[in-house]
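Letters A, B, C, D, E and F name the chains as they come in the text, with residue numbers starting at 1 for each one.
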């Protein structure tokens, strides 16, 4: 993948700063300060212990620079690169104390974002040749949404919504309080303006017909079996985008996509993808 | 479990505030504002869909109160309680808009902390009758360390270190830069003061002997097989606390503990325990 | 207008807090502290000196509550109400010192948001009977975007974009760097995903044809005369939403809308609408 | 004008950071990221489309540097310079993405502060040959007071008060609560200390006499006609500074000043001066 | 003393919050949580162990309320009261855990501000019958200036300057860089405007004459002996306010004041006044 | 002393930033801006007017860099060095305005931390030849704990606790609420985990015996006379660390230590040590 989106420092500075601060506490790294002389210089490699797609490398390196602006960093495999196992993705060089003290924060950030990007990439790869796109959900870690949504994009997936404010998604609770899908959609159409897409979550074909009758841009087909999905896609053709959600993982994603849905929505990518195994090797 | 530790609002206010803010974005909940009248009141239950130990309930309810101070909350099963499946852990009542809009943030906080507490509780239960204690590690989510460490304690587990500043833990990189376990321990002993415990990570019995020779309060026995662990415990008796780490999960924790180690350290509890499945049911 | 959107305190707390803090400085209100006894109670009315649509009243009252939680407030004409001249929109009661000291901050917030809402309402009223909708732009005051966009909605107008991240708008600089409208649109379509609307700014009918040929959801027709606008609307029919911008004010908005454009975009509403004249009358 | 006051970055960093953050949202600049390659470099000029006095240029350029520290900037006409129409005031060079994404924030800051400085300069110029000085008021934009007061000074105007805490200004509400001008002044004199100037707002010559009788450093002559102003100045000579306020604009400022008042106070300079028209021209 | 100045919570909330947060760390009060049951209620008195003037009581009580909004507080001797030894200044009642955990923060705030107010009061009392006023300096604790300046006012003293921005004080370094007292004063007079008072620090009578010749509002007579002070006061009569500074303490303040200076400036009041001895007595 | 602990900028940035901001206020340094030309360069020395141990130099220099990143600094005697009287500890060079404006903040930080480090060093020196170590307490300035604890370490002293969360210290109020020393210790032992040291404050030998009987790691011997201390040390030998506290100053510290206590705890070091006299000499 070439040319990933930009993630300016201003969008992740706070989260790295907080992570570092909660690790340093009130006295800093007691162990390193006691053992490593202040003047000792070191060089270390950030290494991917397993293959995967790199994401969040600049944010990870920011941990070293925040702790000590004199640390030099060199990027070898930047965001969007596919690193083979044991590849060095970056080098850091400077005061040994600074390198050891910032390591845990840097590794967490890099491992977690790369884990998400790798999972997204692998999911996208399973749909090769199909038109269906993979998107994430709002189920992100508090405080880390910007980073995790970015990692999805680096992995080639899109995003359902960034927050409650950038699209209308009518869910069961809304339908219940409005007294029906039709009324809920009508109110949403009136209230939300012409430039925002309107999507409704439906569990059954009856609800789907009501939604289509009320006029929607997209439908979220929640937890339907493959046959129902196929029928839903048929009914929506030319009328609304279709998005499948609920229990979609690596082993069934292609079957779901093969029903013809436009999008598959996978919360697992952000809330449960395993971190990529990354390590810091001090080179002396 | 009775009388869990206190977690004052001042320690979690920021994280809930940030989570809510990143969900509200710049325009708030478009869907709910369009569909639900401003004056409509509702009542809803926070329900545990599966059994587990509750943790973080006050922080979860804080999301509703931050969004709308007029929402009333009623705790049914507070932190430290073991909720059966489908139990109502709390009720919220007030403006329907406020309840729907804060729901995702509240559910995330409750589900994640309860997931950690439940995993910790289950791990502790597997050691019944043994002296070994379960502890977590520093592998927590950036910005959430306070909440996740608290959830560990609610689950009956302890904590290895809260940060780099509250104990000395000599790791392989420190040993490498100091030129040996003995020298590293000597420097740590000199630099860190009388009131701080000194622990060293060792991979082999040779390293263990060097550490014991240099004088340490505790040893972290990393990735040792059961037989080596048993021998290590034997050599440490009366000389140092023993802590096992590396690949410890539910299916092997009792075997590890049966070697006689004082502590088992399990990073999985905070970085990968599955969230407890919780939901918000609007009751009309 | 009934049922305006919700604006939770969490979205405006910071801006009111900062406004108050910069007025209080390091010593608070020297004049009031010197002249008004600490124990003196007072009652005051927030009065609209001229008729207009009220917006930001809760944010304005927040200034009193932030300064002194014991101040009682009573809303008479809330957000979305059309206040006649000299109408009392709210009453505040409590320590006289607190009321005087917070007054300037409260009045600024109320006057500015109500000014925007009133201007938006008046612009919308001029289009009665037409399908064209009024929208604002990103030209908002730094730090106040949430409040100003909210005021637009209270006035019945919509919003073009909340920020750079919630829609794609291809402008002249993008076209220049991409080497043409067609190429710019193609890249935008590939990079931005299925759920985001794509709009292109065009100055001429030639550019419009290129944009339509490349496939866009909407076109921003910038600074076109009425005849060109009519022709542009004709070419877009059934192919793209049309949005007129550039120099649209009260005296020409109906003529522009009568060309058949779907939207008129008016930056003036947020960056230059005059504040509504509001005052605080102490009632003793 | 040479040697304007210093405005250290620490005094405007927050406001620029917030402005940028609210524009970037959670995903950054979707359009630019989709269209402009990450590696493309560009050069652009910040151009004054009309003539005016430059103010806030460093704060504007800070937007580019905050977004991307590798952007190079070159100041051509710094704060305090009078730029002719179409003059280039600064150049920026670096990643094209960074330049486009920060542009709106930078232009807003520069246009607004330069607009205030220009309006202040023009007002000052109208008083050439007179002793009267122009000052601004506390009617500034929430969160921007430091910048707007600075722009006034760059324009050659002074400042009435920076906040409630740096001078005593007795207004009608204070007089009402104290039961008269004399009593209000007496209390203010007792409470506020020797080093703070004491000014009283008066609407009539009777109130003026009471104020002078009670002993004040300055009087704010609010909304008086020219004749009354002249008489007020006569009565104050040698006893108190005189400051005229209320409805003073470009077309009447010299007549007001010619009455002999020491100061004219003009809220319009900060709350309604039109922004200077500035633009970013990408030079390829 | 009756009717001290107001100190709104918004001006001290941050400092109390930070103090509490740095004491709670990441795990809260381990000792109290382990020993005191969560449901135990207690009542405690804040007691002045020695006599003194109370200041900062609301800020101190804020520590309890920040930690636990359910704690009830009752003020007995508020800011500005003179408490005899062993007097109860306030009572707090609620969860025993909350009371113990917030105690240190509350006591620090109360003890320190009351210490400053008491020292100021005592200094003021020593000047009874004289016209000279006591003022503090800018030598305050970083982050605590607002509180410490407020404590001075509660003690009956005034304030020299709140910061670098609210008056002009020309010091030796300014004189050196300007090339003389006269030139420094001339520049200051031109640059700083009509509403700001201009004071110059002088060490000798020669410098004093230069300052008076250049025209100043006040002179800071630094480290002069009593005879020189008397002569300086004589030369300044009717021309400038006189302020003595340098080494003024309780035992010489009356002699200094008796020279006729208008103000004595005492940095010791904020940077070194001993804290008032206050304690928290749990009443069961 | 060589190799002091590291104090990363991230741990003191906030406090220096706040100190500078409260000094700059809303308009910056009026005096310097009026007198010193913007383009004038200067060089200045930070000089220790009396001998002492330097601490906090980087934090002090941070004030200059925060205000103006173009100021160059040169460290001559860094943290941990013992400066003779009149020694230059650092040089700063750059815009004269920046150097004068940041001076007060820098001097405060350097003087206060060096004062603490010097007092600690002197106290440690008095115990030469003894095994007793000097430690500080939690009685630090709100917001400055990190800096002040660091200064203690630079002075060769240790720290009792950094906060309520990093050790268990059972005090009189805990004992009272638990109903006795034994019960308090039992609960603390159960609740606080194996890795945390448990210390109990005792006033009498009876309490000491109860504490030892209950099993503790350390005892805080509060306000005991020398004879009682000696007896307490005798009883604790091999059973618990001993720490003396209460009224320990320079003139009695060696006598206290000679009783054989392991630690002497001295709150005076942080709350009342006199600042080191440091000054900024402009060199032209």
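For the reader, a short list of remarks on this structure follows.
Methods note: a residue touches a chain if its C-beta (ideal position, glycine included) is under 8 Å from a C-beta of that chain, and two chains touch if they have at least 3 such contacts.
Owing to the predicted nature of the structure, the values given are computational and were not obtained by experimental measurement.
Shared contact partners of chain B and chain F, listed by label: A, C, D, E. Placing every chain at the mean of its C-alpha atoms, the farthest one from chain C is found to be F.
Taking A-D and A-E together, the chain pair joined by more C-beta contacts is A-D.
Computed centre separation for the pair chain A/chain F is 44 angstrom, with centres defined by C-alpha atoms. We define each chain's centre as the mean of its Cα atoms; on that basis chain A and chain B are separated by 23 Å. Chain E has residues 5, 22, 24-29, 32-33, 101, 145-146, 159, 162-163, 165-167, 191 in contact with two or more other chains. Contact residues of chain D toward chain B in the complex are 22, 25-26.
Chain E contributes residues 3-11, 145-146, 149-150, 159, 162-163 to its touches with chain C in the complex. Interface residues of chain C, counted against chain A in their complex, comprise 5, 133, 135, 158-160, 162, 165-167, 191, 193-195, 197, 218, 241, 262-263. Those residues of chain B that touch chain C in the complex are listed here as 17, 20-21, 24-29, 32-33, 37-39, 66-69, 97-98, 101. The residues of chain B lying in touch with chain A in their complex are 15-16, 18-19, 22-36, 40, 42, 96, 100-101, 103-105, 108-109, 138-139, 141-146, 162-171, 173-174, 176-178, 184, 187-188, 190-192, 196, 271-272, 274-275, 280, 282, 284.
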